[in-house]
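Here it is, the structure, as structure tokens.
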Amino acid sequence: MPTQPITLQPNPNAAAGTSTAALRELLERRRAGYSLEAPFYLSDEIFQADMALIFGRHWIFVAVAPQVPEAGDYITVDVGHDSILIVRDDDMQVQAFHNVCRHRGSRLCEAHQGSLGNIVCPYHQWTYDLTGQLIHADHMGESFDRRSHGLKPVHLRNLEGLLFICLADEPPQDFDQLAERMRPYMAPHRLNECKVAAQVDLIEQSNWKLTMENNRECYHCVGNHPELTISLFEHGFGYQPGPQNAEGLARFEGIVRESHARWEAMGLPSAEIETLDSMVSGFRTQRLPLDRAGQSQTMSTEVACKKLLADFPDKALGGLSFWTQPNSWHHFMSDHVVSFSVIPVGPGRTLVRTTWCVHRDAVEGVDYTVENLTRVWNATNDQDRRLVEESQIGVASRAYEPGPYSPYTEGLVEKFCAWYVDRLRAGVSTLR
Amino acid sequence: MPTQPITLQPNPNAAAGTSTAALRELLERRRAGYSLEAPFYLSDEIFQADMALIFGRHWIFVAVAPQVPEAGDYITVDVGHDSILIVRDDDMQVQAFHNVCRHRGSRLCEAHQGSLGNIVCPYHQWTYDLTGQLIHADHMGESFDRRSHGLKPVHLRNLEGLLFICLADEPPQDFDQLAERMRPYMAPHRLNECKVAAQVDLIEQSNWKLTMENNRECYHCVGNHPELTISLFEHGFGYQPGPQNAEGLARFEGIVRESHARWEAMGLPSAEIETLDSMVSGFRTQRLPLDRAGQSQTMSTEVACKKLLADFPDKALGGLSFWTQPNSWHHFMSDHVVSFSVIPVGPGRTLVRTTWCVHRDAVEGVDYTVENLTRVWNATNDQDRRLVEESQIGVASRAYEPGPYSPYTEGLVEKFCAWYVDRLRAGVSTLR
Amino acid sequence: MPTQPITLQPNPNAAAGTSTAALRELLERRRAGYSLEAPFYLSDEIFQADMALIFGRHWIFVAVAPQVPEAGDYITVDVGHDSILIVRDDDMQVQAFHNVCRHRGSRLCEAHQGSLGNIVCPYHQWTYDLTGQLIHADHMGESFDRRSHGLKPVHLRNLEGLLFICLADEPPQDFDQLAERMRPYMAPHRLNECKVAAQVDLIEQSNWKLTMENNRECYHCVGNHPELTISLFEHGFGYQPGPQNAEGLARFEGIVRESHARWEAMGLPSAEIETLDSMVSGFRTQRLPLDRAGQSQTMSTEVACKKLLADFPDKALGGLSFWTQPNSWHHFMSDHVVSFSVIPVGPGRTLVRTTWCVHRDAVEGVDYTVENLTRVWNATNDQDRRLVEESQIGVASRAYEPGPYSPYTEGLVEKFCAWYVDRLRAGVSTLR
């Protein structure tokens, strides 16, 4: 739960109220190619603005459809102070509601996941069906209108098994374009037919933007991620070209070309699409070869699950990566999909939820072990946690000033910051 | 201890300073019959206003006289940042002082309870007698005037064994009327001649008003309080009348009439008095029959203590309930008295202190056991804690909007809110 | 780490921004001879002002040189949000830098102490030498200028083994006068040739000024410090003169005179110097006799370490005390030096770091035991912790008002407050 105080104004747009002018000034003077000024990582007011204007107005990734496989299955997800109830209804559609009773506001479902027939408030037993209609409320008198007291819906999209929600009344419309372009990449992996093999929550004592910036470069990988770099080609990290790495770089580019040709022939789109700072629902995708056995992000680089996704005929499909603004990344391989959802919980506190999915018929202990499936990213996440926590401490110093991004290895960090600053500017412009 | 920051202005009236206008607007637009808007449960500023204008200006229930049975016995009670020292002086009068040394401000007594001859500051041994006079201070020089450095008194009233304090310079005068009307109800139980059998502190992660609202209705009881509802008549909860409960309701009303006639004949006033929203020191009382054996709020509904209070000739005296604004309720039975004091400790954090008293000659293990005496209310308190904590989480959601109170079962909740809004309005009107 | 929120404005001078007027008013009305008003101990804004204007602009004691005995040895010290890296360079000079990478702001060294050849950022391996120059950074492109990305220095002075830093661009110049006057007193003890025998961190739940005020009087000693008062002469505490203590006082003054004569003859300056409220870098020193065996602040009053400092020929050198504004005190004895550094970590949270040094050739278990060396001050610190925590609670009460200082025993407390108010006034006058 966020720890910041809640201000008097119930209007979420007013979160950045008194300091809007200061925020505008900070946004105006942001220097491209340099890290953000300290208040973006530290200030309560900017955290509130991030929650209201970034997480409150954009499509955010919160879960995978395999978390609610059957009718009546539900999960709850916290985004800021908002508890969201995601439930599969009797028509097998995934729905999202605010997890709040319309009587006196009690949270309806306390558990992170479960299964239910109707949604019954624990306080006075007001009862809603799985489409959110209030179907029962005692002692409310003759004039009480049940129809105007249904649960408040939340926008939800199921993009080939990835569940995105938007808390705004009017969500960004360009998510349709994102979906149209991404479906051909993702559909072959059939995530909707997977099951969740593991899910791990990590709390990082840092601002969510440091977590995202960390995700958008691999400049830090060689020095910090011994497990992850087993399967990653170092020359894909964006190194400064020079005589010492010319040969390696050329070899890597050759492997990418050959792999793409092979995968495209199998019906697996592989070419990069990159709209990270050119769309409101900015994203990037690319299918990239993996090193050594080339099969999966594991310690051996071989598949973690013998039962492949979608009855793929080949194990060496590399990794289809999918990055979204503002809060997710995903790697689709032949044997499993790993998804990352980043949710701020305070100016200096962030949840990173990692979910591993395998074929729903795969059998734990036979086809895969959780230990082998999760080892690389559990280790990597923890290494990243330490890095961003050290950054959070450092940027709070009076000595911190924005430093230069590498023009080679930190281009996508700059795109993240540029998108963020642009979207926050757009949001601030709608405030009084 | 409250966790909110302390502002620059030492004047407690200024607590709601900068946001007085916003608070006024929230108070003006409050819709009768509906739960309060979210900031009343969440905002730091309104919490400060509650502490200054509600808890700082009204009579609040903090303890029972049996907690300080002998001369020199003391307890300390925290109300916000104020530590109050309640001590029985050598004339057997209960006195209250601010528990703060007049030298450099050290808290005088750290313990929750104890016994002392004089009050000696641990820091430099300044010494006060039990009437608060400074009687000793070393090295302060010839011109130092001890008489102007006595302890600062706090207003205290002992209402038949219930101790109310008021932190204001000029307490509400209508407490005298409350006392005059309540003494005939309470006096027969002789609480001043009781001893404390048990006291339990519960911290609820919720706003104090959610705790109070929960106390003011039993709409939630059937669904949540299996222990408490053994002895309570369900038809006293204010159900919406209808064919399905007409017979039960008529039967219950008959039992009340018969019981009242019997008790009044024994000298036990039983009729309802209700001034919850019509007095500054608003209260309500009523003696109500208990179900089954009808003796006490226990699992068996029989007395928890064989030694009856006040040498009552009858065990089945029902329960004399006494509710006060803003922070207490009490049940006086033939065998014991149970009292509840609600003290806010933060916008989302509240202390509920429950005290069970029995005849001072009752012997633990012989006449009563603490387990049996406390079981129903310990269970009920914990169930209520969960309910109000779920409400606290829910009202923080952007989806929360004030919902309608049941016109049948939530009338006293509305009276609590109406009183609160009225008193806060009166308080705010005295600020700049 | 401080717990207060970080405001939008990155300018530390603006910390007291919105409430500068209120702070000015509090400073103006401060009544000499009385304890400070409550906001000085409680308010977030004044805490921020203290950090910016007192701890950000004055020389503060943070460590002893024996903590970094060899080239490459480093310690890190936190002052507010600033992590300071103190390192002995290859020329054996002690240097201080902001512990912050110039790339994306990561903290460089996480450990409290260690040893290193170069300073390598854990994030992207930017590498600095021990003079702070950036000597390596990969992938930054041809136009990147390493010379403009060196570590930011912090002013540091090594005063005979005591390390003072100043975070301001232009430190107070009168530290040179302090150093000139103090060197003759301190040099004979040769602290630079000592080793750290023990260091203990204590967190006090109180404002740092209560900790300092507590240090500046011994009015509280007889009632609270049974261990410390074994070696201290009670008549040195500043008692109000009277017939009952005239004889004791005269005897004590005689002992001081005789001791001073003896020590001065040995080349040990002993006379009091006191500039606590007359210099920006205010201090006080005095060599005072110890009671009983007269050798050291131990339970037996005999030396705690058989190997004396500086090959002193005599064990009974009393205690050379050195007090500095705003945050330290020290006792130099024949066998050890004990130093105290006070660092605020929140309005109601303070670090007291105590360091005991002995001759670097002394052998633990042979020449001294840590238990015996540290017992008196560990006990005393804990007693003081409780006293200041009780004061912190008390001054938060609405009943607290500044009380009178004893004209006899609390003169140096008044000098601390006078210095503090004066320096804060000077700081506030430089704000907009």
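Going in written order, the chains are labelled A, B and C, and every chain counts its residues from 1.
Please note the rule applied: a contact is a pair of C-beta atoms (placed from the backbone, for glycine too) under 8 Å apart; a residue touches a chain by one contact, two chains touch by 3 or more.
Predicted model, so just to flag it, every value in this text is computed and none were measured.
Asks: At the interface of chain A with chain B, does the proportion of residue numbers present on both copies reach over half, so same, or stay under half, so different?
Replies: different
Asks: Only C-alpha atoms count here: how many degrees separate chain A from chain C in terms of the superposing rotation, rounded to the nearest 5?
Replies: 120
Asks: From the mean C-alpha coordinate of chain A to that of chain B, what's the distance rounded to whole Å?
Replies: Here chain A and chain B have centroids separated by 47 Å.
Asks: For chain B, what residues touch not just one other chain but two or more?
Replies: If we look for residues of chain B contacting two or more partner chains, we find none.
Asks: If we count contacts the way the header does, which residues on chain A are in touch with chain B in the complex?
Replies: Residue positions touching the partner: 1, 5-10, 12, 56, 81-83, 98-108, 110, 122-125, 138-141, 144, 149, 152, 167.
Asks: Write out the stretch or stretches of chain A touching chain C in their complex.
Replies: Interface residues on chain A, with respect to chain C: 4, 19, 22-23, 26, 35, 37-39, 42-46, 213, 219-220, 223-224, 238-240, 347, 386-387, 390-391, 393-401, 403-409.
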